[in-house]
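The structure under discussion appears below in the form of structure tokens.
Chain naming follows the written order as A, B and C, and within any one chain the residues start at number 1.
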Amino acid sequence: MSLFKQITEKPWERKGIIGGLKPEGTFKSPAERVALNFFLTAASIVFSLFGVSYYIRMELPDWLPIAEPTSLWFNTGLLVMSSVLFQWARNVVGNGGSKNVKIAFFGGGVFAILFIAAQLQTWEELQLAGVYLSSNPAADFYFLLTGLHAIHIAGGLYVWIKCVFRMVTGAEAKEQRLSIELCTVYWHFLLVVWLVIFAVVANT
Amino acid sequence: MAYVPLADQDHEQELHHPHSWVEKYVWSQDHKVIAIQYGGTAVLVGLVALVLSLLMRMQLGFPGTFDLIDPNAYYQSVTMHGMIMVVYMLTALLLGGFGNYMIPLMIGARDMVFPFLNMLSFWFYLLSVLILLASFFVTGGPTGAGWTLYPPQTTMAGTPGHDMGIVLMLVSLAVFVVAFTMGGLNYVTTILQFRTRGMTLMRLPLTVWGIFVATVLGLFAFPALLVSCIMMMFDTLLGTSFFMPAVIESGTALDYQGGSPILFQHLFWFFGHPEVYIVALPAFGLVSDVLSTHARKNIFGYRMMVWAIIAIGGLSFIVWAHHMYVSGMNPYFGFFFATTTLIIAVPTALKVYNWVLTLWEGDIRLNAPMYFAIGFIFTFIHGGLTGLFLGNVVIDLPLSDTYFVVAHFHMVMGVSPVLVIFASIYHWFPKVSGRMYHEGLAKAHFWITFLGTYAIYLPMHYLGFLGVPRRYYAIGETDFIPASAQTLNESITIAALIVGAAQLIFLFNILWSLRNGEKADPNPWGSASLEWQTPDTPPVHGNWGDKLPTVYRWAYDYSVPGAKSDFIPQNMAEEDVEMEASAAKGA
Amino acid sequence: MILAVVIFALVIGSVIFHFASPWWFTDIVSQWDSIDGVISITFWITGAVFVLCNLFLAYCVYKFRKKPGHKAVYEPENHKLESWLSAITTVGVIAMLAPGLFVWADFVTVPEEATEYEVMGQQWQWNFRYPGADGKLGTADTEFISELNPFGINPEDPNGMDDIVVNAPEMHLPIGKPVKALLRSNDVLHNYTVPQFRVKMDMVPGLVSYLWFQPEVTGRYDILCEELCGIGHFIMRGAVVIDTQEDYDAWIASKPTFAETQAMAAPDLAAGQAQYAVCASCHGAGGEGNQALNAPKLSGLQDWYIERQLNHFKTGVRGQTEGDQYGASMVGMANMLVDDAAVRNMSAYIASLPDVPAQPTIQGDIANGADIYDRNCAACHLDNGNGTWYTDAPKLSGMNDWYFVTQIKNFRSGIRGLHAADPYGEQMVSMATAMAAKNTDDTKEMEDVAAYLNTIR
């Protein structure tokens, strides 16, 4: 039944069990995935509101665009690698396999850690170049947005570490299928967020 | 989309069974215990906010008579009163308290999907409350910038608590948002994915619908609060200029430049307006169920009620700037926001009509929960209609920032949902505690609270018409406010003190009845919805014994023609319904 | 049953309360009758809805209350009824909204011929600026703000030179001409409200907001700040006077232009010194004060504050209230200063005297005093008690503590500060009444604050 049909039916007219003999969810996917989707929506709202604020603040006269460091391209590469590896792990477990899953999954996280380290390095560079917090609003937003993005990755890494720990202590990759899938979705989300941030910073 | 089995009948959700006392009541993962923890904490901070409001009222009613409160303390009280009442009391009580208790029981689940996250949500909430309360004890005291926290004044000298108080407030709000998000993800996922067999979306009681939409609103609106808190924190602590323009503090220019205070207001109200519906929608839901049960009649126009909740929820995201008509934003926005604001009255009006029509041709039991519920309809109509004045942008010009606004939002948020909360506490008390409350005391509590609050807020509108500004420590001398305004203020204060004291009756009734109340039937009201059909009263961990209930009908089969009993529980199969001898079967 | 009756009674009672109560909007003095018109429409529609819905509610409660043998009717929905109700509600909403939007369209389009003036809000004072002969306001920015240029008018901008500045919370407008108020703020959000005009708008630092209206009735009306702006929000008051054109022209001609305020000649200290000889007999040669004669210490006070007080004594704003016997003795003295220049010279001379803190004479609970002072008074008089031109608050640290107590008592009992021409004193009246005192002779809290002030000299 489509969602629209569900909420237009007249519940007093039909009695008896509707649906199967077992409890059912509205969506096919596991609860964790539904929750993650809601969370991602909320997180996108956070980032979008920052984006809106960015554009509104940009219109004001004291805005000085910052020259984005070239090292950001390299950092982006790290994050893309991370996503690619997660996707690989996911594809394999998705097809019921387990070959190289651990390697891909571990690698994905490691690249994410490298990404954060590289981002910190870029902060350093910027500060040396005289772009530091409260020097001008564009810089403020740069630090704020990248910082927030890094915190989100760190949150993802927490789940990743738990999963890695389970795998290291003997769990089969297959049993971690859901965790791997959710991590992958989350990483792709953060990659997209990063690309948008990068595009915005680079073009304004 | 197709339904897919989530879990087997015999292999239903595994629960973590607590053993020790601490695990059972302190680090509990049982949604019912968490609900009580949430609710209890909310009521306690609510009492703090209540006392603050009475302090304010004493100053306003009898200026200069009581030494308790100077201008500084007054502004701190206003701010903390508003913030605690809206966020830490109502939101937490309605979603953390009622949401946690009702959702699994009403949809026939054993618990929330993520019990651990649920527990964490409470502990984060408690932490945010503690941080908030801590601000009463730091140098400078809590912030006095108004619950709207408008920059630049939040962080500038001349505003109480501009040093530590505001920082603690921002941290506390951020922690609250985290707590809410953890709880909220739980509620929506549980409602969507954990309904028992047969429980379609349209068979959900309206309580669940109200809580569901309110939670979704919260998940999408609280980010705006978080964003504005973060940016304000940067401005305050790190010297950035997101919201701070170039300003002069006590004659010296501060080191800020170019920020936009109006941007903060947009962010705040993008959260703030949905927030008022976050507290209204669960109340709408709860009151629908109380009304229907005690009127012994199905809720009138169930579908319309559901759609109205959804419509109000959706619309509430595009009306926020009606709080900003006179903020100095581009005045052309006024056309759009006045229109959307008044459009929201239509679905809301339908809800009101349907509540009244539920009583029409009912068989109304006039007990305490019903008193409160009917009182709610009255005060909500009043408060909603005054909202139409403010929403109509030109009328907001004279009335904005006067006591008319204060009266509007107390009628619609300080009284109406509070009446629903009382109705619901009395209504569900027998299920939660296994005992009955004392009816006489409850009625006394109703009369004083209902008549008392009306005596507070009806005259307050007239202070607004007169033009008495809000957030004024004292009216002082003006050329247009007659001396009789002070008489009004005095009578308002006296009414407020009486109403405040009357809440002791409520507390006493609840505490006393917990031990000494009459033992209650499992389903004393003859209610059809699932939460009354648990095998144990109060429900035990896991709620449903060894078998989840099966749902055969909607939650409002009251006085069904032909049926012998005047209600048919949701989990009663058609063939088990006893029919009256005369009625033809299956009619 | 009772509930039905009570709801019925509340509905009737509310209606009676509305029509019998004397409380309604104050009389309008601008051309915005159309706003009042929309209010009436809204009032009647919502009033009717209120009465009808609630009477119907009361009727239902009465008619369908539980009775033996009575059974509720099962009626899941009635789509037709619901549609009708939605339609009627929509019509009601349109009936309120449409006229509202038309009037709003008027509000956002300022008539071409409207003249401009500027309102500047700052913690917790009002200042005004008029465009002067060229009809144009000069540009302004916070970076130019100083004691002598409180508007921050750009000194390079020729348009600003003839701007007329009013550095006091009273403004005038001519009757019958549309005006556009440009609203600015120096620090936090404020709001420019004159209830009789019906329109208000926030003043936001960093941008210029506006509103417009046309004054229709002469008179003096209060300006209130209606956006929380800190602890002095409730005492941020001003006044607008609607004049006939002649009165207005005379008033505006008496005000200095920006160029004049910048070009003011330096005061003549020697002249001030010469005249001070008379004052020295009471206040002491160094302005150190003399308790035996009830003459307070003057050294350390800011020149603008002394100037204001002397003018107040001269014009009878201070010192002529019953009970102010010491103030009364100042009236004659101040009148010896014949013109504004003399007052200025005198003030400048006194302000130039070396500031030696007065001897403490009062003991009190310093901790309590500090608490009161830091939480309330420091907002204007600053943490160190030095006062500032920005809030118009004088220096308190180092003053005579006995004089401090008398002045707070005077403010409390309305001896000082209640004169219509004393907006600054009025602020202190409100602050002083906020200090606890069980009766007029109870000076405990004042002494506590005085004792604290003695410690921060």
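The rule is short, and it goes like this: a contact is a pair of C-beta atoms (placed from the backbone, for glycine too) under 8 Å apart; a residue touches a chain by one contact, two chains touch by 3 or more.
Labels paired with UniProt names: B = Cytochrome C oxidase; C = cytochrome-c oxidase.
All values derive from a computational prediction rather than experimental measurement.
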Higher number of C-beta pairs in contact (A-B or B-C) found for B-C
Per CA centroids, the chain at the heart of the structure shown is B
Averaging each chain's C-alpha atoms to get its centre, pick out the one most distant from subunit A.
C
Whole-Å distance, C-alpha centre of subunit A to that of subunit C (cytochrome-c oxidase), is 51
Centroid from C-alpha atoms only, then distance subunit A to subunit B (Cytochrome C oxidase), rounded to Å. What do you get?
32
Centroid of subunit B (Cytochrome C oxidase) to centroid of subunit C (cytochrome-c oxidase), CA atoms only: how many Å?
36
Multi-chain contacts in subunit B (Cytochrome C oxidase): which residues touch at least two other chains?
258-260, 298, 302-303, 556
For subunit A, residue numbers touching 2 or more other chains are 10, 12
Spell out, as numbers or ranges, the residues of subunit C (cytochrome-c oxidase) touching 2 or more other chains.
76-77
Which part of subunit B (Cytochrome C oxidase) faces subunit A closely enough to touch in the complex?
1-9, 12, 108, 113-114, 181, 184-186, 188-190, 192-203, 216, 219-220, 222-224, 226-227, 230-231, 234, 238-242, 257-260, 263, 267, 270, 298, 302-303, 306-307, 310, 548, 550-554, 556-557, 573-574
Flag every residue of subunit B (Cytochrome C oxidase) that touches subunit C (cytochrome-c oxidase) in the complex, lowest number first.
63-64, 67, 70-73, 75, 141, 144-146, 150, 152-153, 156-160, 245-251, 253, 258-262, 295-298, 300-304, 326-328, 331-332, 334-335, 338-339, 342-343, 345-346, 349-350, 352-354, 356-357, 359-366, 371, 374, 377-378, 381-382, 385-386, 388-389, 392-395, 397-398, 400-402, 451, 454, 458-459, 462-463, 465-467, 469-482, 484-485, 488, 556, 558-561, 566
Quick check: in the complex, which residue numbers of subunit C (cytochrome-c oxidase) touch subunit B (Cytochrome C oxidase)?
1, 3, 6-7, 10, 14, 17, 21-26, 34-35, 38-39, 42-43, 46, 49-50, 53-54, 56-57, 60-61, 64-67, 70-78, 81-82, 85-86, 89-90, 93, 96-97, 100-101, 103-105, 107-108, 122-123, 141-143, 145, 147, 183, 186-189, 191, 193, 195-196, 198-207, 209, 220-222, 224-235, 237, 372, 375-376, 378-379, 382, 388-391, 418, 426, 430-431, 433-436
Given the complex, residues on subunit A that touch subunit B (Cytochrome C oxidase) span 1-3, 6-12, 15-28, 30-31, 34-35, 38-39, 41-43, 45-46, 49-50, 53, 56-57, 60-63, 133-134, 137, 140, 144, 148
